[in-house]
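Mind looking over this structure? Questions follow.
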Amino acid sequence: MSASVVAPARSSQLLQKCPTGIAGFDAISRGGLPMGRTTLVAGHAGAGKTLFALEFVLNGAAKLDEPGVFASFEETPADLLANLGGLAFDAPALIEANRLRLVHVEIDPDDLVEAGEYDLEGLFLQLHVAMDEIGARRLALDAVENLFAGFSDSRRLRRAFRNLLGWFRGRNITTIVTTEHGVQTLTRHGLEEYVADCVVSLDQRVEGDIATRRLRIVKYRGSAHDVDEFPFMLDHGGVSVLPTTSASMHHAVSDELVSTGIPDLDAMLPGGIYRGGGLPAW
Amino acid sequence: MSASVVAPARSSQLLQKCPTGIAGFDAISRGGLPMGRTTLVAGHAGAGKTLFALEFVLNGAAKLDEPGVFASFEETPADLLANLGGLAFDAPALIEANRLRLVHVEIDPDDLVEAGEYDLEGLFLQLHVAMDEIGARRLALDAVENLFAGFSDSRRLRRAFRNLLGWFRGRNITTIVTTEHGVQTLTRHGLEEYVADCVVSLDQRVEGDIATRRLRIVKYRGSAHDVDEFPFMLDHGGVSVLPTTSASMHHAVSDELVSTGIPDLDAMLPGGIYRGGGLPAW
Amino acid sequence: MSASVVAPARSSQLLQKCPTGIAGFDAISRGGLPMGRTTLVAGHAGAGKTLFALEFVLNGAAKLDEPGVFASFEETPADLLANLGGLAFDAPALIEANRLRLVHVEIDPDDLVEAGEYDLEGLFLQLHVAMDEIGARRLALDAVENLFAGFSDSRRLRRAFRNLLGWFRGRNITTIVTTEHGVQTLTRHGLEEYVADCVVSLDQRVEGDIATRRLRIVKYRGSAHDVDEFPFMLDHGGVSVLPTTSASMHHAVSDELVSTGIPDLDAMLPGGIYRGGGLPAW
Amino acid sequence: MSASVVAPARSSQLLQKCPTGIAGFDAISRGGLPMGRTTLVAGHAGAGKTLFALEFVLNGAAKLDEPGVFASFEETPADLLANLGGLAFDAPALIEANRLRLVHVEIDPDDLVEAGEYDLEGLFLQLHVAMDEIGARRLALDAVENLFAGFSDSRRLRRAFRNLLGWFRGRNITTIVTTEHGVQTLTRHGLEEYVADCVVSLDQRVEGDIATRRLRIVKYRGSAHDVDEFPFMLDHGGVSVLPTTSASMHHAVSDELVSTGIPDLDAMLPGGIYRGGGLPAW
Amino acid sequence: MSASVVAPARSSQLLQKCPTGIAGFDAISRGGLPMGRTTLVAGHAGAGKTLFALEFVLNGAAKLDEPGVFASFEETPADLLANLGGLAFDAPALIEANRLRLVHVEIDPDDLVEAGEYDLEGLFLQLHVAMDEIGARRLALDAVENLFAGFSDSRRLRRAFRNLLGWFRGRNITTIVTTEHGVQTLTRHGLEEYVADCVVSLDQRVEGDIATRRLRIVKYRGSAHDVDEFPFMLDHGGVSVLPTTSASMHHAVSDELVSTGIPDLDAMLPGGIYRGGGLPAW
Amino acid sequence: MSASVVAPARSSQLLQKCPTGIAGFDAISRGGLPMGRTTLVAGHAGAGKTLFALEFVLNGAAKLDEPGVFASFEETPADLLANLGGLAFDAPALIEANRLRLVHVEIDPDDLVEAGEYDLEGLFLQLHVAMDEIGARRLALDAVENLFAGFSDSRRLRRAFRNLLGWFRGRNITTIVTTEHGVQTLTRHGLEEYVADCVVSLDQRVEGDIATRRLRIVKYRGSAHDVDEFPFMLDHGGVSVLPTTSASMHHAVSDELVSTGIPDLDAMLPGGIYRGGGLPAW
C-alpha cells in the first residue's frame, strides 16, 4: 500500500478537452472527451459503439491533425475497411499517409493471466508499436470485454482495468474503450464505469414498434456536461447527436469540428436551474 | 497474442449484400444479409427462426442461383421435408438437382471439447462435404445452441463462436445461424450478438390475447438499415415482413427478389431526422 | 458426430394431423396435434395440463378408434379413475375393452443415470408393454418433470429429452408430454420447448380478482395455426377452448372431431394481414 | 421403476368431499377439501395459514364428528391454546373429550436424512400415535417447510413430499399441509404444488395503504371449483371467505357446514361461459 | 424428534398484551405487543427500527413500571445516549434508577458456531446479567442480523432463531428484535418472519420526490389487529403512528400511554366487513 | 463476546453537527453531518459522490477552519487537482497552507487479508500521517468499494466496515465515505448502510430524456432531518441542493455556511404532520 501526499504546488493543470468531431457531441460535452484520459462507451449490440469510436479516430486523423489507432478484438482490418466503405472517409489513404492504423488483437486467455494477475504487457506492446509508428494522439480499443470475459475476481478485475487506463494516461493519449452492457448494469462487470474518467452510454429503445437511439453522458470527471439523453442517428455521415435542449442548440448550429478550446459555458447557462436537464453538470 | 497492422492499400472492398428473397426483409435491410458473413437470427420457441433460415436457403437455391445447405441439430431431413410440405418449394427436386442439401448434425458432447477448448473440426468436415457437393453459396445452421449448451466459460465460448464465424467467412459463404433467447438476454449466453456481424430478432408478443410477430434488425455492421420493429407473418407463402414505415413502403411494393445491388438510400431519407424510427441506420 | 445428407426423393410426406376431440382446439390448430410427433403441454399447477392430456387420450379411445395409454408419474390409476368420475367417459369400460391403459410410473433416480447419461430403457419398456397390449396410437406422459428433476447439465438434458421424443417418433405414436412452467421460462429447464415439435401453453391469470384460463399454441413445426391466446374452461364436459376470432368461429361451429385432413386455409384469410392475431401462422 | 396397469374394473370411486366448516369456503370449493387426500395451503407470514388449518380441524372435532390432530413445527400446544383463546372453540374440552390432539414436532435435521434419502418414519410414528388415540379423520401439519428446509436436491425433495402425501392417503385421512411462499414461487421449492391434489393460496396485498386478504383455489384434482380470488377476513369468528360471485352467493347464504355431498353444480352454471371467473372449473 | 400431546386442561391462558406507549400503535395493535413473546421489527436502513425499539423500552422503564434492557450490536451505550439526547427521556436517570440498561454486544463469529450449530450461550449470559440487575420486563435486541450474517444453512438458521425466541419466552420477557429487509424479502433470510409471533414492518417510500414512512402489522399470532399500512413519523416526540382508519381514530384521540389492559374491541367493529382494510384481523 | 453495561451517568452528550457548507444541504440535514461520525454517500457512476465529498473537505479547509484530508482509491492528486481546476477553490494554496492533503491510496489485496480477517492497519497509518500533518478535522475516503471488493463473507465484511468506522470515531474526525450502488441495493454489499450513522443517497434518473439529479438523506442516527428527495445540481459553484419544501426554504435563503449550532427546529415544524415529506424526521 503506497500513498502520495501532494507537495504544495500552484501549477494549475486544468482539464483539457479533445474534440470528437462527432456532430452535436462536442456541444453537449462542452468541447469533447477528456484529453489524455479514457472514455468508456457502453451499449448493447448494434448500439453504434464501434462507429462512435471509429469516427473519433478518423476525425482526428483526417481533420484535426491527431493521428490515431483503432484496435479491435472482434474485427479484422479488412472487415473494418469493408464496413467503412459507405462512410465519407478514405481510410486507406489515411493508413498510407501514416495517420491511421487498424490493429486486430487476438487474445489467448492463457497468456493473460499469470500468477493470478492480469498480464497486459503483450497487449501494450502491440498498441505501442502501432502508436509509435504514426505518433498517435488518439486510440480506440473496441470490445474490451474480450479482455476481461470470464474473469470473476472483482478486485483483481478492477485493478486490471485501472492498470489499462493508467497505461493510456501514462502515454497522454486520448482513448475510447467500448464495452458491452450487462443484464442489469451499465457495463458487463458493473464496475468499469466507476474507474473510468468519462462514461458515454448508447442506447436503442423500442417503444411501440419505433426504435430510437439515445446517447447520454453518464459521468465526466472534472467537467461540466449536459446530463440529458439525446437522440442520435447513424447514417452515411456517421454519428449525429441532436442537442435538443434549447441552450445547446446554438452550439449545434455552429460547426465545432475544428474548435480546440472549451467554449465559454457561462454564457449559455439558462435561467431555470432547478431541473438538471440540459444544464452543464459537473 | 498476434496483431496485424494493415498495410496501406486502396482496394475499396465495399460490403456486398445477399438478398434473402423474403418479402419485405430485403427492403428494411437495404438489400439483404451481409454477403460472405454470418447473420444471427434469435428468437423464442415458435418465433419462426427455422422458417426464416429455410426460406433464405430455398430462395437462393430455387430463384437466385445460389445453392445452399441447411444444417439442423434438431430435425432430420425427413422431418424438414414434412414440415416444408405446405410451402411453395419443391425441396426434393432441388436436392435432386444438386442445389440443396439438408444435413442433420448429431452432437456428441464428448467429441466437442478437447483439452478445455472447443474442437469444431468434426462439424466443419460435415458442412464442408455438403457445401462442396453443390458448390453452396448459402448456409443455415439451425439451433446452434446445441453446440454450446452447458459451456460456461464465457471467454472460451466467445472464442469458439468467433472461430465458427471465422470458418464461414473463410469460405465466403453467406450464413444464417439461429439461436434461442436467454431469460433476460437476446441470446442464451448474452454474447453471441456482440460477435456476429448482423443480428435479426424475431419476437412474438401477446397483448390482450392477441399475438403479434415482430422482426427487428438489431445490428448490421457496415450497413444502413431500418431500426424499427416490423410485423411479420408466417403462412404458406413463407415469411412476410411488413415494412410499415412510409419511406420503406416504396421498396415493399417493388419486388426486390432478384435485385443484387444496394438500393440508392439517399433518395428515401425522409425529412424528419430526429426520430430514429424508419430511418436508414448504420 | 454423424450427418446424413438426404438422397434425392420426391415422396411428399406431408405432415398429418391427429384430432384431439377437444372442443375448439382442433379449429385453432387446423386439425389437431402433429401425428406421430410429440406435443408439449406446459402450465402451472392447476392449469389443466392433466385434463387436457387425459381428454386427448380418452377421445381417441372412445370416439376416434385410436387406443391410448396415459402414463403418470404423480397419480395412481385409482386416483385418476376417481378424478375422472365426474367426466362423461366410462374409463373402466375402455380399459376392459382394451382401448385404454393407465400406467403409474415410479422413478428411482438411481436407475436413471448411468455413466453420466440418462438411461430411459426402463421407462420405455413399461410404456412399450402397455402400448403393445392395446395397439396404442396415442400416448400421454404426465408430469415429465419427474424424469428430469435435479438434472443440471443442460446439454445432456437436451439430448435425453430428444431421445425421449425420438423414441415416440420411432413408434409413430402421437404423444402429449405435460411439463411445469419455470419461474421465468415456459418450461422448467427453458429448453424443452425448443426440442418439441409442437408446444401448447396453458395459463390461468388473475386480474382484479377474476381468474381466466387461456390457451396458446406457441409453436407448431410444419403447420399453420392460430397464434392468439384463447380462453378455455374446464368443467364436466372436459376442456373447451373458445376460438374467439371471427375467422376461426366458422370452424368452431362445425364439429371437427372426425376430420382428418387439413382445412383449406386460404379461404379463411381475412383482409387485414398486418396483425398476427387470429391468422393462420406457420 | 415399477408400473401398474389397471385391471379392468367398473367400481366407480368418485372423489368425495370433506366440508371445512369455514364460512364461504365450502361454497367455492363445491363441498370442501378432497376427502382422504392432502390440500396445500400456501401463504406469506401473517396470511392466516395456521388459522385456516386450525379451524378445519376444530370444526371437524366440534361439529362434524371428525376428530382431528393439529401438528405444528413452530408452536407448542400451550402457545396454540393461548392463540385460540379469542376464538369460539373450547379446545381444552375437545382435548379432554378425545376429539382433538395438539402435537408439537421438533425436528432434528440429523435424524431426517439417511443415506441421502429422507427418513420420515419418526414423524409418522408421532402422528400415528396421536391419530390413533382419538380415531382422527382430519390432520393438519403446520409449517411443513421446517421439514424440507435446506434440502436442495429437487428430485429427492419431490419424492419425499410425495411419500409424505402417500402416507396420509394410505391412512385415508383428510389433511391440510401449510407452506410458505417462495420469493417468486407459490411454494418455497416451487414444486410442492405440483404434487399436491389440492392447493389453496392465501394472500394479503397492500394497495394504496389498504390491505386486503384474498383466497384462491389454485388447483383441485378431480373437482370443479371456483377459480377467482375471493376476499376473506380473520376475526373472532375465524376465517370467513366472501363468495362475491353471484352464482356462488346462493351457496354463501345457506349454511353448508353440515352438508356432506357435492351440490348439484349444473343448476348454477351462469349464462356467460367465456370468462373463467366464478365458474365451476375442474 | 420429540412430540408432546397436550394433556386435557381447562386453564384458559389467553394471550396478554404489552402496551408500547408508542402513540397510535397500541390502537392498531389492539393493546400493544404480545406479552412474553417476541416481535420482529423489520425495515431498511433509516426506517426507524432502532427508535421504535428504544421507545418501547424507554416507555416501559419511565412510565409503565417495566424496567428494560436495550442490547445493540451496532452502537455503544455512549452512541445511544448521544442519539437519545434530543428525545424527551432522561435515559441516564433511568439507568441510575436501575430501570434501564444499555448493552453493547460485540460478536466474535468464531465463538458463535460450535460443531456446526449456533451456540448462543455467551449472548444469553450477557443479556441475563443485565436483565437480572434491574428485573427487566422488556428487552430489545437491535440489529439481530449481526448474529446470523453469513449463515447459509436455512434449517439450522431457523432452529437458531427459534432457540433465540424460545430463550426469551422462557424468561417471560416481552421482546423486540429488529432486523433488516432482504432484497426481495421482508427479512434478510426470508424465514425469520415465519418463526416470530408478531411482525411489524417499517417502510419509507419515495413517490414523486416525497418520502412517506409507513408501518404495517404483518402478522400477529393469537390477536386481532389492523392490517392496513399506517403513516408514521419520527420526531422529538419519538414514533407517532397515525391510525387513519375512522374506526381506529377514536383510539388515536385518547392517550393510550398509561393503559395496561386490552381495549374492548367488539365495540369498534365497523359494519362493512368485506374489505380487509382497517378491520381487526387475526 | 464482550458487553458493557453503562454505568449511571448524567453527562448529556448531545450529538453535534458539522456543517458541510454545501448549499442547501445544511438546511435539510438540520445543520450538517454528524460530528465525529461517518456519513456514507452512495450513488451510481457520475452521481456526484466525489464532488460532494471534495466540497465537504474543501469548505472545511477554506472557510470553516477545519483542515481536511481527501483520500482516493481511484484518482491521483494530480488528477484531482485537474478536476478541481474549474471550481472556485485554490486547492494548491490550501495544500501549501497545510489545510488540505490529497492522498492516493493504492491497495494491494494480498496485504489486506490476514488469517481470514481484514487488516486495515496499513490504510490507517497512511491516513494518520496525512491527518496528523495538518491537524485534520475532516476526512473523505473516496470509492471505499476498492477496499472491500471481492470480499464475500458478509459477517467479516460487516465487522471490517465497523472497524473502519470505529477507527474514524476514535479520532473524533467527521468523515465521508463514498460507495457505489449495488444492482438492487443502496450499497454494493447491501449492509454498509446499516452500519453507518448517516446515509446520503445521490441519484440521477432519466425520465423522458430528461435527467434529474436527486439527493436524499436516507438515515441519520440521533437527528431530525428532511426525508424527501431534493433536486441538486453540479456546476462550477459545486454541489447545490434545492430545498424545495416550503418549510425548508427559509433556511435555503439564509446562508448556513458559517453556522455551527443546530437551528431551532421546532419553529419550522409545519402544520400538517401526517405526510412524512419535508418534515424533520429522526
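Letters A, B, C, D, E and F mark the chains as written, and numbering starts fresh at 1 in each.
By definition in this document, a residue touches a chain if its C-beta (ideal position, glycine included) is under 8 Å from a C-beta of that chain, and two chains touch if they have at least 3 such contacts.
Fair warning: this is a prediction, and the values are worked out from it, not measured in the lab.
Engineer: Hop distance check: chain A to chain D, minimum number of steps through touching chains?
Structural biologist: Steps on the shortest route: 3.
Engineer: By label order, what chains touch chain B and chain D together?
Structural biologist: Both-contact set = C.
Engineer: By how many degrees does chain A turn when fitted onto chain C using C-alpha atoms, rounded in steps of 5?
Structural biologist: 120
Engineer: Answer with same or different: of all residue numbers used at the interface between chain A and chain B, are over half used by both copies?
Structural biologist: different
Engineer: Using mean CA coordinates as chain centres, what's the chain B-chain C distance in Å?
Structural biologist: Comparing mean C-alpha positions, chain C is 31 Å from chain B.
Engineer: How big is the gap, in whole Å, between where the Cα atoms of chain B centre and where those of chain F centre?
Structural biologist: Inter-chain centre distance comes to 53 Å.
Engineer: Residues of chain F that contact two or more other chains, please.
Structural biologist: 184, 231, 244
Engineer: Could you classify the connectivity of these chains, where an edge means two chains touch, as line, ring, star, complete or other?
Structural biologist: Topology of the interface graph: a ring, with each chain touching two neighbours.
Engineer: Which stretch or stretches of chain F touch chain E in the complex?
Structural biologist: Residues 1-15, 153-156, 158-159, 162, 184-186, 190-191, 193-197, 199, 214, 216-224, 227-231, 244, 265-266, 269, 273-282.
Engineer: Sort out for me which residues of chain E touch chain F in the complex.
Structural biologist: Touch residues, chain E against chain F: 44-46, 48, 50-51, 71, 74-79, 81-86, 92-93, 95-96, 101-109, 111, 122-123, 126, 129-130, 133, 143, 145-146, 149-150, 180, 183-184, 204, 206, 209-213, 231, 233-236, 238, 240, 242, 244.
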